[in-house]
């Protein structure tokens, strides 16, 4: 029972880390970055590289973040910005970019599944059970990310400008906010977050050129269901993540992997605008 | 002295229609020009064209003599052109304080400006941490004006700021705007349908009909009746 | 005889009878293609023939993707799932039941039934009020993922990750398969071309251009899309049937989202919305992949990926877009070669309701946004022959009221009746069926269709269109015909709507609404942006609608001179309530209205906090 509960919480944490970047991009730019999965993959492989280079493993999320931010800003400037009036095409183009990134990764690293050692091994005793310390650390990471975002969005000038752009881009421009720059930064940071997610899940999941895709679908569904609110996203991760864990444990792992997508699809069918103002 | 805001033969429209036809006007620093006319005549579209949300197809817009026709809206703000739209002029989910903060381009000196706001509209000072959407209609309009003038812009565009307000609030607004005009020499282009407000505050008026200015002149005793007549049903 | 604005002016007799529209344009190339397919195996080497068989099946699916995406605007990654359904049904049937005529029939039947069922389910999930194109696309992505997972978890029944091989199948030579597959692909494209060029086929373009307008023309857009998906899914499944029958293998890759996205890439590169582009793109990529992926395995896919991104960003019409544009420019010099269309009168126009019975009634209508009441206690009724103007300051709730009348899901409370029937929570297309027509403020037409086609879409509800021909006769009821003739649209039936001036677009939209033969017409600021002459004509038309055709017209307007001139009745809205409802002279002189318009608050709102 305790194990199950911890599984649910850590799964929710992982889902949150993976989805937060996508949520922020969706909130500001009103499109879904379909290269998000590829950025996750890139982050994972960046971790692989830093591990091979022998750099301290604590640095890897930061390296991944930097790579992700750079890639994201390039993508926004070169591709997404030109498709402002064609949102479906923006999705297609980012999807295409994801394919291209996957191919580049394959060319550079090969198709085989790779493994990255966890920076933290061993278990910790929680309520009488031994549980993986690394997974518990991820809960901390999720909380830190959520906290940082709330602090930046709520406290800083940039955060205020971003919230303004999310709420009413035209009015924000009237007040002197360069919404193009906000979009660029947002896309960069969202991509950087995806890369961090890829970097921290590498010890738990296998690393291959297509690893990001299942996460993209799950993240997308969670973002749609949460209707744009970070808090609702956290809740959705707990609820849907929990159901996924239950399905995987008691029914079958394969069907468990489908739980989020299927349940979210049905939930959105019943309430298209998401559950933010619940 | 060059006008603070000048339009020369500006035309624009939506899709294939022409909404603004060859409009020319100018507003001097410290002057208030009232743009009056019935609904649907294009007054809001004119303000949007000046600001750049509706691209001008012909003509030019100048700020203090500097050509700004194609400049992006957020840049225009940074050049000193402030705009208070008629609809969706506030961030409903942000607090009064946050809305005001967005009236400044940089955070420096925010607290002094807040003190100024307290002087203009004491009621706002009491509600700094309330969400803007929970304020009454009059308080919201006061917030819009306060935010717009916080940074002492050189030109202010106001779109129907008195709409739906009690006479006492309208008077207060009028006083504050007159004070600011005197102290900051802000040029204002005010779109209005509220005649007493126009008569009490504006230096000049222009009547807008079907996308063009059909009459213009100073606001004085002789023009008061003409102005009033334009607002008949 | 009085010069009525609505009398149909007799038109000159012009050409011909109906004739299948694209007969010349599709059949001849199609015939040539079929001949080429029959002859090709004698010329090509076995390896190429082999590749092309598979490529033809893939091209068939690509055509369905183009129909769904390029023509109706539904970006789908899921056609591969249907392909996989066909492939696996064949493989499983022939493995479990053996091979023979009955088994073939079973496999065929099961393929069609299964594909249809899945299509309807996915369609129900994807197309409904409130759904966005983005959501529909993602569902289409989830479909193949779910299917592949089911295949993986199916054990030996589905062959898991290795697929199913070794079942007995049709005993045909590769050359015969080539001809079957090739003719199948050509046939699919030709039939699609004919149907898409027919009157019914124009509906897809209308859906893609302006789905809202379709709903307000009485078309159940969800049902149309689901039907389209059903047909496309079955066709794709049949292609999968052929593919697995030829190759003797069904693998999870056949149903995967990777394949699904490859299809989209093929259509994008070849040029979406052209059908031929889908064929060319699919064949080219399949053949090139077969030859190149031996030599440069991942680089080839990288090249395709990059080309794809470039095409989306820079060349939305596909790699051959500029070429096609040039060819079209050459071929289009002679516009008279296009089918000409002539107007005609409707055989049995619907008569207006007898006066006296109210055709619009509201009782205590309420609309809330959160805690803000935008409309409250709105009660009024309107009869045939009345021209009711809805006026009021900005934010009074006029457009909201129009929305609540036209869409049963809009209001928060209260009752609305149109032509005697309560609208309940029905969606716009149902309310249009009750007799309501709505004209939007920004002229809402179908930009890439011609004027004649726009009007024809408006007639879809009243007369079933042909699926194979494009009629050269356009029957219109008298009111619509009058608008078309007096506005000058009659001379421009073949022009694309997006090329019309603002005033003409407004006239076109009005004609489309009148083509519905409604009893009630709702108009939202129809004179915005019109010249003085156009406004004058408009006033005459509106007056004619009420006095001669006995329609009930409800009009939201800001131009008070216009309102004063043509209305029989004025309703003044203020802060969400009806402040005044009466005859023109009563309302215009009322002191209450003067107060409202001069900005001083009306007595009723005196309790507002400053």
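Order as written gives the chain letters A, B and C; numbering starts at 1 within each chain.
The definition used in the following text is that a contact is a pair of C-beta atoms (placed from the backbone, for glycine too) under 8 Å apart; a residue touches a chain by one contact, two chains touch by 3 or more.
These numbers were taken from a predicted model, which means no experiment stands behind them.
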Per the definition at the top, count C-beta pairs in contact and tell me whether B-C or A-B has more.
B-C
Chain at the geometric heart of the assembly (C-alpha centres):
C
On a C-alpha centroid basis, what's the spacing between chain A and chain C, in Å?
35
Centroid spacing, where centroids are CA-atom means, of chain A and chain B in whole angstrom
43
Please name which positions on chain A make contact with chain C in the complex.
31-32, 79, 82-83, 86-89, 91-93, 95-97, 99-100, 103-104, 106-107, 213-214, 217, 220-221, 224, 252, 254-255, 257-258, 261-262, 265-266, 268-269, 272-273
Seen from chain B, its contact residues with chain A in the complex are 51, 53, 72-74, 77-78, 83, 85, 88-94, 98, 101-103, 105, 107, 147
Complex contacts: residues of chain C adjacent to chain B
393-395, 442-443, 500-503, 505, 525, 528-530, 557-560, 564, 575, 588, 593-594, 597-601, 605, 608-610
Give every residue of chain B touching chain C within the complex, in rising order.
13-19, 38-41, 86-87, 123, 136-139, 160, 162-169, 192-195, 197, 231-233
Footprint of chain B on chain A - complex, ascending
157, 160-161, 163-164, 167-168, 170-179
